[in-house]
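The letters A, B, C and D name the chains in turn, as written, and every chain counts its residues from 1.
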Amino acid sequence: MIDSKYFYQQAIALAAAGEELYQRGWVPATSGNFSTRLDASSAIVTASGKHKGRLSPTDFIAVDLNAQPISEGKPSAETELHTRLYQRFPNIGAVLHCHSPVVTIISKLVKPRDAITLSDYELLKAFDGIDTHNSQVDIPLFDNNQDISALAKQVDNYFSKHASCPAYLIRGHGVYCWGDDLDSCMRNLEAVDFLLRCELELMRFSHGDQQ
Amino acid sequence: MIDSKYFYQQAIALAAAGEELYQRGWVPATSGNFSTRLDASSAIVTASGKHKGRLSPTDFIAVDLNAQPISEGKPSAETELHTRLYQRFPNIGAVLHCHSPVVTIISKLVKPRDAITLSDYELLKAFDGIDTHNSQVDIPLFDNNQDISALAKQVDNYFSKHASCPAYLIRGHGVYCWGDDLDSCMRNLEAVDFLLRCELELMRFSHGDQQ
Amino acid sequence: MIDSKYFYQQAIALAAAGEELYQRGWVPATSGNFSTRLDASSAIVTASGKHKGRLSPTDFIAVDLNAQPISEGKPSAETELHTRLYQRFPNIGAVLHCHSPVVTIISKLVKPRDAITLSDYELLKAFDGIDTHNSQVDIPLFDNNQDISALAKQVDNYFSKHASCPAYLIRGHGVYCWGDDLDSCMRNLEAVDFLLRCELELMRFSHGDQQ
Amino acid sequence: MIDSKYFYQQAIALAAAGEELYQRGWVPATSGNFSTRLDASSAIVTASGKHKGRLSPTDFIAVDLNAQPISEGKPSAETELHTRLYQRFPNIGAVLHCHSPVVTIISKLVKPRDAITLSDYELLKAFDGIDTHNSQVDIPLFDNNQDISALAKQVDNYFSKHASCPAYLIRGHGVYCWGDDLDSCMRNLEAVDFLLRCELELMRFSHGDQQ
């Protein structure tokens, strides 16, 4: 049974987050999709193809953690990328997928590596479990794939072998970011975008050095 | 006969789009012009020389598809660039012409090519008919010309020989972008500007490599 | 005699312009100053040292065209740079001086030249008297000087020998921009900042080429 | 005794500053912390871990100038970096610590120097005591350290030997900035961020020259 009041509260919160992310230019042209966990076996996710800055409660679908809709409507084509994360990490309560310029550009630029390592930033402490700038956080990078099930399995397989982290990138596509609840997911997303923006700017200088 | 209620609705919708585009810095200093189709043989277009962030319904003119005014006022000097698109593509309902920094800069930078090819971006799927990042979309680039009729014919000639696409650039000038209706035109414009912004940033790195 | 109603109207209009310019980051940290002409022999100018995003009517002083106050208060230390322009160009009605990042950076970067030449931009047509992109507009660049009278004379001397233009730069300092009235001055300022932003971005690429 | 009315006024003013700084992207992901002086021996500082764009009066703690709380709650872990400044400079009334992209990037880029020297900018006059662009202001840069007491002593030791200035940087971390009161602190912060942004852009060009 879906708790309709809780569904509605979550939809309103995600719509407000969407408006803020759209204003920042992180979900242009109907891109991106958002979800929060409803309970141990279900989540609420954005419907397919909506303007992410003008979401209303009817633009959300309840799904089980196999990405199958359990309320009316057509969920985002990338729903399985959300539900696999809820399965893999029982503690998380929200997933935000965005296409900011920074994550798109750096995802196309960092070609030979399969992760971007962040270190020596005070802002790393925004991530749970990090208490010093003198840490390393790996943001993995996956090739884009229209076969969402295959991509979701590849991501899940990565996290079966590597330490948890708050986000991953898909090349030429965007970022998936998660957190205990929507507020901590927004905090992680702000930190990831900020840190990758710094890395991108620093690459301009190190790029020159390597010539 | 002009349906004055529909004219008014379209003017209000274009004025709202103009305010948003002005806030983004895409139509500075009275630049840009906007239109939507009224019916099979007419369109509504911005008057000449207006501040695009403060348009009122009296700042729009009805024109036939030969760019001749059919209501009072002086339509934009570039009206024929709009009406030729409505003639060429019977399905489209809106055309937005902007001067964002990104389109202006990249249009002056990409000198020897006559089109910018976009590929390996998930956001290409924002364009109708594209269902995979593994696609190519060519954004043609034309030299600027104060003879608007000549330029309109050159553009039309290009599309008589090439596949449709959602936008073209004019060198040192800006972008023309279209869609089925105003919402899809805005979606296409956001996607084009985002993708060209990514290309411009990536050119900074590849530029260094070519030295 | 100062027309107090007209003074008040001009103060309100300049305060609104100031709020917009502050939001864009073009007058940070109390920098910049603004004026409009009151009549053939006087102008209204911002008081010294005010926050330019929160101006009130009492933050303006009436001055004669020799930069001497004719109402209570201390006018901006740079008032003579405004009044000399009103003397030189009888047609102009407004002067805006800003410190945007773009004008500050490019003014420090373009070292050996005494003017920045803008050409092949459609947006040049935002300037009065320009009707084709195939034009050249020179934006002169002067060395900074705390002796405002000396600097004002240097600028005036330049314009006694060169064609008019809508703006000049002071190295490491900012831009002075003018127009027939406040609206056309804002239009010119938007166009100048946009075009210099494009030039700055293009210099990054041509800079690489010259290595 | 804490003057609860004055405490409340200061909290409201800092919350408003926080909202503005958050909108600019200078305190992302709960980063940053803010304070104002209450009297000769105490200050009000942000509580630990709060969203800096949504502060309420209960998100502030009164502390003595040894960084010990004298009201309920847990002050920011970096409180000693604030209180040492109030001890060192008896005239100052406010301290803002931010993580803007510009200060974070430049702090990681300028490796071999222990200060960034700003000169030939008109905006230097935003700082008290500077009356010409032909001045030099050194912004010192310290290595990051999770031992806040050690870092606070290192900063204090620096200022025991060097002239005062309005701000310092911590590598990979952010900026500390101060002023006579909150308004002048905001003015100094805007000027510092603007000037470092200019320096960062100029370094891109000089970097190329050095290749």
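Everything below uses one rule, namely that a residue touches a chain if its C-beta (ideal position, glycine included) is under 8 Å from a C-beta of that chain, and two chains touch if they have at least 3 such contacts.
Remember, it's a predicted structure, so these values are computed and weren't measured experimentally.
J.: Taking all residue numbers at the chain A to chain B contact, is the shared part over half or under half, that is, same or different?
T.: Since fewer than half of the residue numbers are used by both chains, the interface counts as different.
J.: Considering chain B as a copy of chain C, what rotation angle in degrees (nearest 5) results from a C-alpha superposition of the former onto the latter?
T.: Chain B sits rotated relative to chain C by 90 degrees.
J.: Would you mind checking which chain's C-alpha centre is most distant from the centre of chain A?
T.: C
J.: Centroid of chain C to centroid of chain D, CA atoms only: how many Å?
T.: So the centre of chain C lies 32 Å away from the centre of chain D.
J.: How far is the middle of chain B from the middle of chain D, if each middle is the mean of its Cα atoms, in Å?
T.: It comes to 45 Å between the two C-alpha centres.
J.: Which positions in chain B are in touch with at least two other chains?
T.: 204, 208, 211
J.: Would you mind writing out the residues of chain C in touch with chain B in their complex?
T.: 120-123, 126, 131-134, 183, 187-188, 190-191, 193-194, 197-198, 201-202, 204-205, 208, 211
J.: For the complex, which residues does chain C have touching chain D?
T.: It is residues 25, 28-31, 51, 99, 101, 104-105, 108-109, 144, 146, 170-174, 200, 203-204, 207-208, 211 of chain C that touch chain D.
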